[in-house]
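Input: a single structure, listed below in structure tokens.
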Amino acid sequence: MTQETLIQAAIAVLLLPLVSYLVQLAAGRRLPRQGDWLATGFLGLAFVLALTIALYFLSAFDQTLVYSANFQWLNLGKDWSIQIGLKLDNLSAVTLAMVTLISFLVHLFSIAYLHDDDRYATYFGYLGLFTFSMLGIVLSDNLFSMYMFWELVGLSSYLLIGFWFHKKEAAAASTKAFVTNRIGDIGMWLGILILWSQFYTVNLDEIASGIQNGQFTLSTGWLTLGGILLFMGAVGKSAQFPLHVWLPDAMEGPTPVSALIHAATMVAAGVYFIARVFIILTPDALTVIAVVGAFTAFMAATMALTQNDIKRILAYSTVSQLGYMIMGLGVGAYSAAVFHLFTHAFFKAALFLGSGAVIYAMHHEQDIREMGGLRKKLPVTFVTYLIATSALAGLPLFSGFLSKDAIIAGGWGWASFQGGGWYTLIPSLGLAAALLTAFYMGRQVFLVFFGEPRNQDKFDHAHEVPAVMWIPLVVLSVLSLFPVFSLNPLAGDSGWFMNLIPSLQSVVPGVDGAARLAGLAELTHHAHWTTVVSSILMTLTGLAIAFVIYMKKAVDADKLAASLRPLYLMSFNKWYFDELYEVTVVRGNIVLAKVSAFFDTFVIDFLVNVTGFIVGFFGLLVRKFQTGKVQSYIAFAVIGILVFFVLKGIL
Amino acid sequence: MESLTLNHFLTLSAVLFSLGVFGVMTRRNAVVVLMGIELMLNSANINLIAFSRYNGNMDGQMLAIFVIVLAAAEAAVALAIILNLYSNYNTVNLDEVDQLKE
Amino acid sequence: MILSALIFIPMLAALLLILVPKEKTDLFRWIALAASSIQLVLVAFLIQNYDQSLAGINQAETYQFVEKFDWIRVSAGSYGILEITYFLGVDGLSLPMLILTALVGLIGVISSFTIDKHVKGYFISYLILLSAMTGVFVALDFFLFYLFWELMLIPMYFLIGIWGGPRREYAAIKFFLYTFIGSLLMLLVIIGLYFSYVTNPGAAPEQMVHSFSMVSMMNQQNLLPGSLLSAEHWRHIAFLLMFLGFAVKIPMFPFHTWLPDAHVEAPTPISVILAGVLLKMGTYGLVRVMMPVFPESWLYFAWGIGLFGVINILYGALAAMGQTDLKKLIAYSSVSHMGFVLLGLASLSTEGVTGAVYQMFSHGLISAMLFLAVGVIYDRAHHREIDGFGGLAKQMPVYAGWTLFAFFASLGLPALSGFVAEALVFMGSFSQPVTQNLAIVSTLGMLITAIYYLWTYQKVFTGELNPKYAGYPDLTGRELTMLSVLGAAILIAGIYPSLLTDLMTSSVNHLNDLVKSAGTASAGLN
Amino acid sequence: MEVAIFWLLAVIIIASAAATVFSKNIIYSAFSLLFSFLGVAGIYAMLSADFLAVTQIMVYVGGILTLILFGVMLTNRITMMSLKTDVFNFIPGLTIAAVMLAGLLYVIWVTGTWASDSPAAWDTTVETIGTLTITRFLLPFEVVAILLLIAVVGASFIARKDKQKIQS
């Protein structure tokens, strides 16, 4: 394949979902079956093309292979212009395939899941728009169009989360998602502005080479700030602390949408973006990123412990897993983090679609306390769910283990590279989160699929889902097995993925990129086996605790909760973040707005009217002279003339 | 007794003008006000002609002719207005006519 | 003659309307529609024949479609020769405004089809308004500019005062007085400029030609030595006075309070015109007059102007969030968005000024669309209380979709025109040291804007359908046409801005260079 | 001789003008105005403006004064109503007039810089005025003529009794 063909194929992949969106919006309702086959077909076609591209890159297996093309979007007659283009390298090629695959499967799944919805056609249109925006981010070779697609992702998530807008919670959740994301976007935009004002280009490669050549004239502190600001975008999109609050609420959207958001499109965008700008981040910025990531991983895992909504547990697990990826990037384990993005995408999509299948089977019951024993009723779902859970919990032989292990190993390596001490807290938090993950996933699986049915009525009506729903589950769970990525079930770094997308060398001046890279790799390698052992131990411990509590019922969960009541409440109420934000940010905003509106009406407009009244008052005063008597007018005229002449004489 | 100068005429005209102004401002009767205006016009004419005479230039006299013509026109229109006023208000006392205020 | 045609065709149509009997209401509508369609066609012709490489601004010979005739020429002895010319021309700053005027004017006519009170008077006023607005954007003689500027006031006063809402008289008088005071200040400075500039410096005093030509005032070598405006402090004072005149129109904080009142009371098509075109006249005045005529004052006050821009952005957005009336909300959002224009112009960078002009264009389209959208629901429900609706998306899905489109356009969603403008303004203002701090603060505006639009959408369109509104029809064909035409324009301008920026690039760059070089020249003198 | 005539005329003019202004009886006012006009005509004659002097007598005395008298008659029915008319705003009016007079005198006597030499008197001005009227001042002459016509028409229109009002 020539370069042109590849680029054209990539453009086709990008545009097919958009075409699907436009067709669905314009004519979807009039098409047979409301056009679901058309939208799904478009995505299938896109996937085939993307897979071809990815296979081409795989077969070439060249770490430096890059194809790019761009065009001039805006030229203002100066010596710079805004060039927008796309870049195909190993990372974007495989991501393209991953996104289109998951989107395709979600389309397929939705055919059954939403078949009796009023706005069935619109729904598929929105899915297309969502996929299009994400693909745009993946393919962009520059910050500008990345930002544009970034915001479009925000729009499509708004549309999809609020798809059932007649529910108040859904409408509120969609607003919350968009606004929270906007906060991050502002940071990202400021970061872009810092780079723009230095280099007058938005092309990532040109920025990187500019930094490398020392054309960044401001101090390194500015570069760190720029990096942190760019990271803010990812904090919003990838739901990192402190902007993670939108993601659990986003569960108000249809379940397949959650799968799309959590696995392939929205939250992945943040991590993908940081991976794209990774080389220009200073060590200080990376440390901030690592701290935020590790903290998020741990915090979200604790929140997931006590939730009862099947989707919310998964939502917090997503936040937690994203924390891992961010932490991985922060500690310099670039390829491990990107690797985790992939493995996570598949098993998390499987989990969400699986939970969708459960909810579908249980007639829209989402509370895991109402479930139980479903493995007999939903055998396919059960098996796939179990595989995906194992991958998420980090059991060996599953993909999740490979990538998670690589990240934690990277963390240890980084900690010792930095000199140990407090830095070891980062990988430790990661390990702790691994334990918690194993526990809450175990809890979920035991409560949903094992034991006795707790709601007999709903249980009796449950039945296995149709083929369009379980086929995606099977595909995704197969992709969660270790051989897909690495033939060695205990070491991800020997697999094709981490060799195809190796770690990158920093271009920041003052940092010996090559030495840093080599040092980190060396130390990570040392930490590998201890990590394997410790993380397996953690996972097994977590699962064992869950088993003891929820399977054997050796310890009563309610009593345990009561004895640890403050901790339980803290977890159950999500660390009171929503309440905190409600009291400070939201209320503060409303108060400020009301004060402004009040100020405008009663101070500024009042002053305007007072000016009017003053003029009016003088008018009244002057009116006294308007006696209506001709002679007084003459008198005034004469006086005026006299005054004029007197003044003329004086001056 | 010294000979006449321009200032003599100007002084005469000034006194006449002031009397006219006084009349216009203080009299109630519209007809008398009109007389005051005529006095003022006359004083202006005296000035014009005096300057004309002492500058040896006919332009002043020409202007005075036009002033007289205008005075005639003005008197005609003003009297018509006064008559109209009288038929509408039944008075020619200007202090009772203050509709202009509104 | 094409520019004269552009200006006077609506006026001729208005004259024609006077002859039409009062009962033939449909005929008024179609004549107005025809006049404004012809305008659009003429503007298309202008674009077709426009040479993008010519800059205009202070070079009279690079203006295009120029019409210049002596109008009044009086010899005033030792004062020299006083001259007023009929001088029209187009450059890269006025062409986008003409496109906007023609497009929004046409949409306004279509939207006026629902007016059924004194139809004749309405359309006559409307067409005169259209003429005056077009005239402002093509006049290159100050006298002519001022004439059109004032001419615009009168029909606007009647359009608000007769066809408006319950408090229409208050709003109309407030609008009139506010803008009138502003334009008086402007007139003062225009006269000062008139006597301080000549078109032939160096000639004998009797031969000096004082002209109202803006172009000659933009060339500082035409400044008469020893005249009032050759003193720096007087120039600054004159600058501020004139700036005030334009600031009222923009409207700039704290002179903005007429806008919400005027919008709330004005009928829908007039709100469309008011937000879509009229506000742009203020900022157009800044680029057409203030920057090239007073370059050194502009540089001197740049930070302050930018600061007021930021206050506009943030304060307008916050005030918008606190509103309960839909139209007021959009009016305050206009205040907020016009702040971006000020910020961009203050930055004096190519991106910033391009962004500012682009924002003028884009905000014209977007606010027109927003007011149309509000008009749709007002026509049905006869109120505009944000809290009084709920769940309309269920009942009127197409309408909800277009409104959401307009909301997102206004909050700066990429791929829509507002984003391009705001992005350029941010880029420009951030890259200039003078306005960098302002740019950082103003990004908060992006957030607040998002919040209030989405809250509004949430309150009005989502949730369970309020049973009061069940049975409301969705968009009619006419409403859909207007919204989709504007929507398409917004989309095109957002996806491929080069279509428009190419028209204005050379003018904007020339303007920038002019202001900057004049600033350094005067710095060298001091 | 000349000086004596001037003073005589001046006394006549000012005395009769004062009588016009101060007199309480409107008929007295009108008749003293006549003397004032005649005095002014004399002053014109002294200033070698013979044509104007004659015009003054014809237009003012013959025309305007007659008009005024008509006005007096038509608006003050002698039988029904006192012809007396009083003065109001006396003090302010007097003050303003006095200040004005002071100002004028100040300008004339103190700051006036005009020449006061007396060039030779003209024999007769009629011919010059006639020539000037149809040459240099033709346009103002025509304009004034039209104005006069308009005034005549306008005056008769305004003074005309409103038919509707009479009927009602």
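By written order: A, B, C and D. Residues from 1 in each chain.
By our rule, contacts are C-beta pairs under 8 Å (C-beta built on N, C-alpha and C of every residue); 3 or more make two chains touch, one makes a residue touch a chain.
Please read all numbers here as calculations on a predicted model, not as lab measurements.
Trainee: Which chain has its C-alpha centre closest to the mean of all protein C-alpha atoms shown?
Mentor: Closest chain centre to the overall C-alpha centroid: C.
Trainee: CA centre of subunit A versus CA centre of subunit B: separation in Å?
Mentor: 92
Trainee: Cα centroid separation between subunit C and subunit D, in whole Å?
Mentor: Roughly 60 Å separates the two chain centres.
Trainee: How far is the middle of subunit A from the middle of subunit D, if each middle is the mean of its Cα atoms, in Å?
Mentor: Distance between chain centres, rounded to whole Å: 97 Å.
Trainee: I'd like the Å distance between the centres of subunit B and subunit D, where a centre is the mean of that chain's Cα atoms.
Mentor: Once rounded, the distance between the two centres reads 5 Å.
Trainee: Among the residues of subunit D, pick out those that touch two or more other chains and give their numbers.
Mentor: Residues 89, 92-93, 96, 100 of subunit D each touch two or more of the other chains.
Trainee: Which subunit B residues touch at least two other chains?
Mentor: Answer for subunit B, listing residues that touch two or more other chains: 21, 25-26, 95.
Trainee: When you check every pair of chains, which ones turn out to touch?
Mentor: The complete list of chain pairs in contact reads A-B, A-C, A-D, B-D.
Trainee: What does subunit A use to touch subunit C in their complex?
Mentor: Going by the criterion above, the answer is residues 72-78, 119, 144, 147-149, 151-152, 155, 158, 162, 165-168, 170-172, 174-175, 178-179, 182-183, 185-186, 189-190, 193-194, 196-197, 200, 589-590, 592-600, 604-605, 607-608, 612.
Trainee: Quick one: which bits of subunit A touch subunit D in the complex? Just the residue numbers, please.
Mentor: That would be residues 631-632, 635, 638-639, 642, 645-646, 649 of subunit A.
Trainee: Which stretch or stretches of subunit D touch subunit A in the complex?
Mentor: It is residues 89, 92-93, 96, 99-100, 103, 107, 111 of subunit D that touch subunit A.
Trainee: Any idea which subunit C residues touch subunit A in the complex?
Mentor: 174, 177-178, 254, 256-258, 260, 315, 318-323, 332, 350-351, 354, 391, 393-394, 397, 408, 413-415, 419-420, 423, 426-427, 430-431, 436, 439-440, 443-444, 446-448, 450-452, 454-455, 457-458, 461-465, 496-498, 501-502, 505-506, 508-509
Trainee: Give every residue of subunit B touching subunit D within the complex, in rising order.
Mentor: That would be residues 1-12, 14-23, 25-32, 34-36, 38-39, 42, 45-46, 49-56, 58, 61-62, 64-66, 68-77, 79-84, 86-87, 92-93, 95 of subunit B.
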